[in-house]
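One chain, subunit A, links the two complexes that follow: it is found with subunit B in the first and with subunit C in the second.
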Partner chain A sequence: MPSIDILPARAASITQAGQPGAAVRCGQTSVAGSVSQRACVFCGARVVLYPIADALHLVHGPIGCAAYTWDIRGAQSSGPQLHRNSFSTDLQELDVIYGGEGKLERALTVLIARHQPKAAFVYSTCIVGVIGDDVGAVCKRVAAATGIPVLSVASEGFKGTKKDGYRAACEAVYTLIGTGDTTGISPLSINLLGDFNIAGETWIVRDYFQRMGVEVVATITGDGRVDDIRRCHGAKLNLVQCAGSMTHLARKLRDEHGIPFLKVSFFGLEDMSAALYDTARHFGDPALMERAKAIVRDEVERVYPELRRYKEQLLGKKAAIYVGGAFKAFSLVRALRTLGMTTAIVGTQTGDKDDYAQLREMCDAGTVIVDDSNPLELAKFCLEKDVDLFIGGVKERPIAYKLGIGFCDHNHERKEALAGYVGMLNFAREVYASCCSPVWQYMPRRAGGAA
Partner chain B sequence: MLNGTTAEIVERKALRINPAKTCQPIGAMYAALGIHGCMPHSHGSQGCCSYHRSHLTRHFKEPVMATTSSFTEGASVFGGMANLTQALRNIFSIYSPEIVAVHTTCLSEVIGDDIPTIVRKAQEEGSIPEGKIVIHANTPSFVGSHVYGFSNMVMAMVNYLSEKTGTTRNQVNIIPGFVEPADMREIKRLAAALGADIVMFPDTSNVLDGPLTGQYKMYPEGGATVAQIRSAGDSIATIALGHFAAHVGAATLESKCNVPAAFLELPIGIGATDRFIDTLRNYAGVQVPAAVELERGRLVDLMSDLHQYFHGRRVAVSGDPDQVIALTQLLLELEMKPVYAITGSPGNQFEKRMHELLDGPVPNARIKQTADLFELHQWIKREPVDLLIANTYGKHIARVENLPFVRFGFPILDRTSHRFNPTVGYVGAMNLINQMLNALLDKKDRECAEEWFELVQ
Partner chain C sequence: MSDAAPASIRTPVAPGADSDEFPGPTTNACKLCTPLGACLAYKGIAGTVPFLHGSQGCATYIRRYLISHFREPLDIAASNFAEHAAVFGGREVLHTGLANVTRQYRPELIGIATTCLSETIGENLPQLLREYREQAPAATDAPALVHVSTPSYRGTHVDGFHATVRALVETLAPAQIAAPKDQNPGPVALFPGFVSAADLRHLRELVAAFGLTATLVPDYSETMDGASWCTYEPIPAGGTPVAALRALGAARAAIECGRILAGEARTAGTHLAQLGVPLHRLGLPIGLRETDRFCYALELAAGLERPASLALARGRLLDAMVDGHKYVFNQRALVFGDEDFVIGLTSFLCEIGMRPVLCASGGRSRRFGAVLRAAVPELPADTIIREGADYADIEAAAMGLQPDLLLGPSKGYALARRLGVPLVRCGFPVHDRLGGHRLLHVGYAGALQLYDTLVNALLERKQASSPVGYSYL
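Let's turn to the complex of A and B:
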């Protein structure tokens, strides 16, 4: 494999664990001309709000932004499926010239009358930011006319990175919070923030907390419901799973409603258990801690024998991780360790300086750490480190396969729940099935025993 | 629970529900991938590029490369010149493509970036290495659809690259339209079987259906080379397959280089394939070999064996305009009844041509351009059909209405047949007939009363 160069402008965004050097540069828009794996502000807002299943989601812009985000995430709903439709104003040339406010207002009015949603979110796309539609004013008028909250999401694609989209989503959701009745909410109560219920993961996690005796008031971003969100300020603690997307909302709830929050992760035995213990410790109720311990004991016992069998097969194999948020990367590094695997490359789309400092700390020496990477870089590092597994999203999968490397989707296209204890077992099974698939023996690099 | 559709139809002017189209840039990106050694470049926010690459990857299950100008707030105020210039410099210095194909987005169109001027300045500054090429297409997302984006990029290939030297080459150009790599491969196979020399552009076979080698190639083996597209100006003739995706490119070549063009439809079904073969045979001055006649014979044989299963079946079709127009003819060859036919793309030729095709055999057919799947679903609710043919997004309707469903067109996100089975040519027709028969009979076998459950069909 000929050596592949790194864009000079990218060098500051790449480092290695166990080596001295400056902090990883991050949090910037991608270098113009790079094959970035990242998306935009709109994408960030859309993914966070999408799982609110009884709300109407209307994309205000030309058709593409609505088409590419139509029912592509497995964020499951136990009830309404309204969010799986694609609603858009499909702006045309004349709308761009004369403005799209009238169209937006008519679209909202028709949709709200037909579907009777609990709330409506209106997403601004790039073009809306340029033609200057006053989306906020339209939302206000329609809200007054229909009696439901109609929320403007300031998600023009070019106004920052995906992270800014998360923030826009948090701002929109926040306007709902505090408008519902909180009577009857238990003093032992939480909200789950930043779990998207992909493949039903929120249901798995919620079940653990309910068995502990903790009331789950709102699962805001997974199987979310408007009425739960309206009263979620009555909960006594917020658990933030996807720190990148939801810390902003958690901070607002802390500062303005006095609700503390904990950053947690539900991936891997260690992190899932830590989430349960941290919650019990927070409430300071010994009985709660006893129940948490019992759950951890039972659940770990149930999955451990099979996990051990996978570990024997996977011992010493090397993985590359490229995911959206750093918190997930932390969990994956630990979960891979549980399986006897090492992390040779780890990168994220939205990590910050502290995240990368922590990755440097927790990874083995020599692990490549990279922000906002691109396919050439990823391919280069994968071959140099000769990894056996790639963990990433939709755009990384075919690259891994072309290199003859196993793959696990830890993004929104995963089909198996990977959270919680049962999720760890699913993860192990998926990693094993892909890493150790007989298909790789037909790949030239592995054929004939060559390394 | 996915059944959010109501049978009652209300006139909609401001609202698109469950679209049967997407935006221009993705079509331009797909077309550009059909040039060998080409890096498609999206001049807009980085989200556009990311969405297009993800969407194409979900359809082809292949790496899809493209770069972005990564617009920021500053670019949207001061213009994207600095971004594009920097991008071109970076792309050539690190990814070293032969050619960069720039397409615009809604954002760069509205702020009014003048791409040729920016590229010329970049050239003067030395940001574009000697011998390397930059072409561009304007692809505003608020005009047309992904099909127009494809067509515009094909036109850009002709405008920028094709040249007439004065020495005619004994070759025929084929512009294949917005079809699968498997279809492009099939067109090349047929041409080779005829012994006709062709230049096909774009050509995504061996780009988006590459083998697993253990190597990652940013620029796979396939794609029409710049030299081939250049030589298209010296060809005997151009065959353009599809009014919406291919005809503009051929017309441009006709007026620029005086290469006569045959404006055909996609060769789906027996009649359209006959016309394609006949046109190619005439231009290339070759005979149709026995092998191709045998293929045709096997298709006719298959149609005769199975025609009783298709006769009179009511079909709903959704797809890109060229595909729907062509497929409708195959359905009519089987005496099926395409009672509903929609496309999400605008353009009057669709309804005009569909009426020509259907007014006789299916006088009450509903035909609509700029339609969406929500409306098609409403029609189906009011009067059901026996079969639905659409891209993956038809599956919601198929599930709710319990319809046999054949996936056809772009995108197909949940099945793989399109990756290796063409729908064009005699072989493509056999493949489509096979899929339709399976869909119809699978439903019957699953649901019919035991006394009607038959081993032999």
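Let's turn to the complex of A and C:
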């Protein structure tokens, strides 16, 4: 096979740790014809708002965008399951000709009457931005008629990148905030921003904070509820876990409601512990810090013996990481070190210049660092670095498997909890199960090329 | 937009109510968008990269959706529209994108499909591609360019699939070509419809059993179900060779599967018929009778009686139908999925004595009911038939029908769980089990596999719900 060619327009988005050179080119729209692993503005908005379980999520456009996001995520709810449905205005040709406003209004009216949601989000897709429906006006009319908030999410697919979708989602959520009663909220209280309760992760993390004596006012958006979001401005601190998607909301809450925020991560022993300590430190309450230390001690003690067994088997193995946001990448680099593994390739869809500077600093020399990569590049790097494991999402999985490489799903479709201490254990089990499976020895690439 | 939209004869205002013409919102769709079908069809052509002219998200979502079913790498390029392109046109991103795909993948063919965005802003693909060809350096290995119009507001993934097959054949085999005199007449052109990778392999075997070769359009049996690799294959091996597509004008016969498809005025099959190729428009060969019809068409094409191997396969199916007949008799089934798929399944269910109580599809051909009843005359008069249905409609209709079994894609699982009855997964997609793309539905062998699966689902249910729990049934 001819060696895989890097497109000239992509070269500036690739670098290596330990090498001098310009900052990684990032934050741009993808190169045309490069098979980017990113999706679009709509995807960014949908992924952030999806877990709000008692809201109606109506996708305004032809059927595809709604169909492809129907019940695909592991975002769990402790109560209503409305978010697991896929609602679409399902625009047809005549709607496109005559405009979709009438259909949107009727759809909202019918669906709100049928499902009695606490709020409705209306996602604009590409075509809505072109035919010029006044979605905001329709939302206003329906809100007045039904008495629930009906929020327009400006998520036309072509109007930027996935990051702009995050921003649109934050703007929509922000319009809810400040409309609920905040009486009775503890001075030791937080909101969790950017945890999506994949496989119940919000519950795992929430439990640690509650054991510390910290009240969790709202989880945005994991196991999310409209009424919690309405009153989340009563919390005294915001913890931002998925920094890429939720920093915008955290900044707005800081600037307009005076709530400070900390960027944290709940993945890996180190980062989870740091999140608990940082929170205790923020509130300056020694008792809180004592309890945080006790939790960390107990939890680490509980998982460490098993982790150590995996580490013995995984020592020295090499991993590739390709995920959506950089904060998860940082955590994974550290979590892999906990397991005795090294990171040979690390890339993200939406990292910024500071993120890549940090990755360059924290990774071993020679680690490939890449923004907005594509399957050919990822395959090329995997072959060159001869990695044992790939950490990514569904779209990356077959690249790894075809080449005889283990895989760990760390994306939103997964059904395994990977956050918190128990999550680290689950992560280690999955990495161990994949890396140490006997199947690889039979794969043609591993068996010396004999097919 | 479309030349088919008779906008001038309609009142130019949006009507005030949902109607058949202006259907209401969809809850949990039983269909996907047209570009998905286009991408899968292009994946069945050797050396081909599918390319969507539109936003990046379309390509990414479709990749994820198809990968979750096939569990194979699937690269779909896109022109990656940004706001500038949406306002001023996508000429530049299309041309850059095609050049980049050519450079990275060295494809033999780039299969271009539009999206709702590029269609609505009025992109003129023929013109843009002509300009691209004119300005591109005249390389001998420049890929062939085929394009299809697939706005997602018109039709479903199945329509996109068939439109792409038609575009491939019309573009690459525009005229009749004479078969060389010293050779046998050409292969059978086989348009199998939206079926599984295992189905495609079995259809090829069926044709081979008659001593014929087939040109399947498309054939993703290997590109979407291949072996493990020694090194990365930018374009996975397999697929119908472009040269074979170019030679379709010399086909011995054409077989087009799908009774709904057979009602379309212009298809890949009708194009070949115009070139003088004898065309057989059949149903999907699911179950006994539809497979018999398929084999009869092959008998005509080959000028041979059916071979002994097929007679045996048919006999085995009949034998099994007797062995299990009491378990399935009058069992009430809900069938859903693509229109032609549901027609095939329903025909088979009636052959074995089951009672389809609801046949539903997200497709909206406006002839589903009539075609289904014509294909399956014994279908009970009270069987509910729904086209343009979503899973909410199916669930509403299912309440009170007391089904014993559901047959369809895995998206019906939530309903099966609520009803407490088994779901026999078939068709597309199967997102909650391994091997959905290896399910065999067609031919006598496919019917047999379906039969065993559904009988065993019923037996398992009976066994599990029995207070005694016999291990001998």
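Here, the second predicted complex is superposed on the first by the 445 of 451 C-alpha atoms of A that agree within 3 Å, B and C clash if a C-alpha of one lies under 4 Å from a C-alpha of the other, contacts with A are read in each partner's own complex, and residues count from 1 in each chain.
The rule is short, and it goes like this: a contact is a pair of C-beta atoms (placed from the backbone, for glycine too) under 8 Å apart; a residue touches a chain by one contact, two chains touch by 3 or more.
Everything numeric in this text was worked out from a predicted model, so none of it was measured.
In the model built by aligning both structures on subunit A, subunit B clashes with subunit C. In the superposed model, A:173 makes contact with neither subunit B nor subunit C. Of the two partner chains placed by superposition, subunit B and subunit C are both touched by A:32.
In the superposed model, A:80 makes contact with subunit B only, not with subunit C.
By the touch criterion stated above, A:98 is placed in contact with subunit C alone, subunit B being left untouched. In the superposition on chain A, the residues of subunit A contacting both subunit B and subunit C are 1, 5, 7, 9, 29-43, 61-72, 85-93, 95-96, 102-103, 106-107, 110-111, 125-127, 129-131, 157-160, 375-376, 379, 383, 394-395, 397-399, 401-404, 443-445. Of all residues in subunit A, only 1, 5-7, 9, 29-43, 61-72, 79-82, 84-93, 95-96, 102-104, 106-107, 110-111, 114-115, 125-127, 129-131, 157-160, 375-376, 379, 383, 394-395, 397-399, 401-404, 442-446 touch subunit B in the complex they form.
On subunit B, the positions that touch subunit A within their shared complex are 1-2, 4, 6, 10, 12-19, 21-23, 25-26, 41, 44-55, 57-58, 60-73, 75-76, 83-84, 86-91, 93-95, 105-107, 110-111, 140-143, 145, 210, 212-218, 344, 374, 393, 396. Every residue of subunit C that touches subunit A in the complex is listed here, in rising order: 1-2, 5, 7, 10, 12-18, 21-29, 31-33, 35-36, 51, 54-65, 67-68, 71-83, 85-86, 92-94, 96-101, 103-106, 115-117, 120-121, 151-154, 156, 227-234, 411, 414. Subunit A meets subunit C in the complex at residues 1-2, 4-5, 7, 9, 29-43, 58, 61-72, 85-99, 101-103, 106-107, 110-111, 125-127, 129-131, 157-160, 374-376, 379-380, 383, 393-395, 397-399, 401-404, 413, 443-445, 449, 451.
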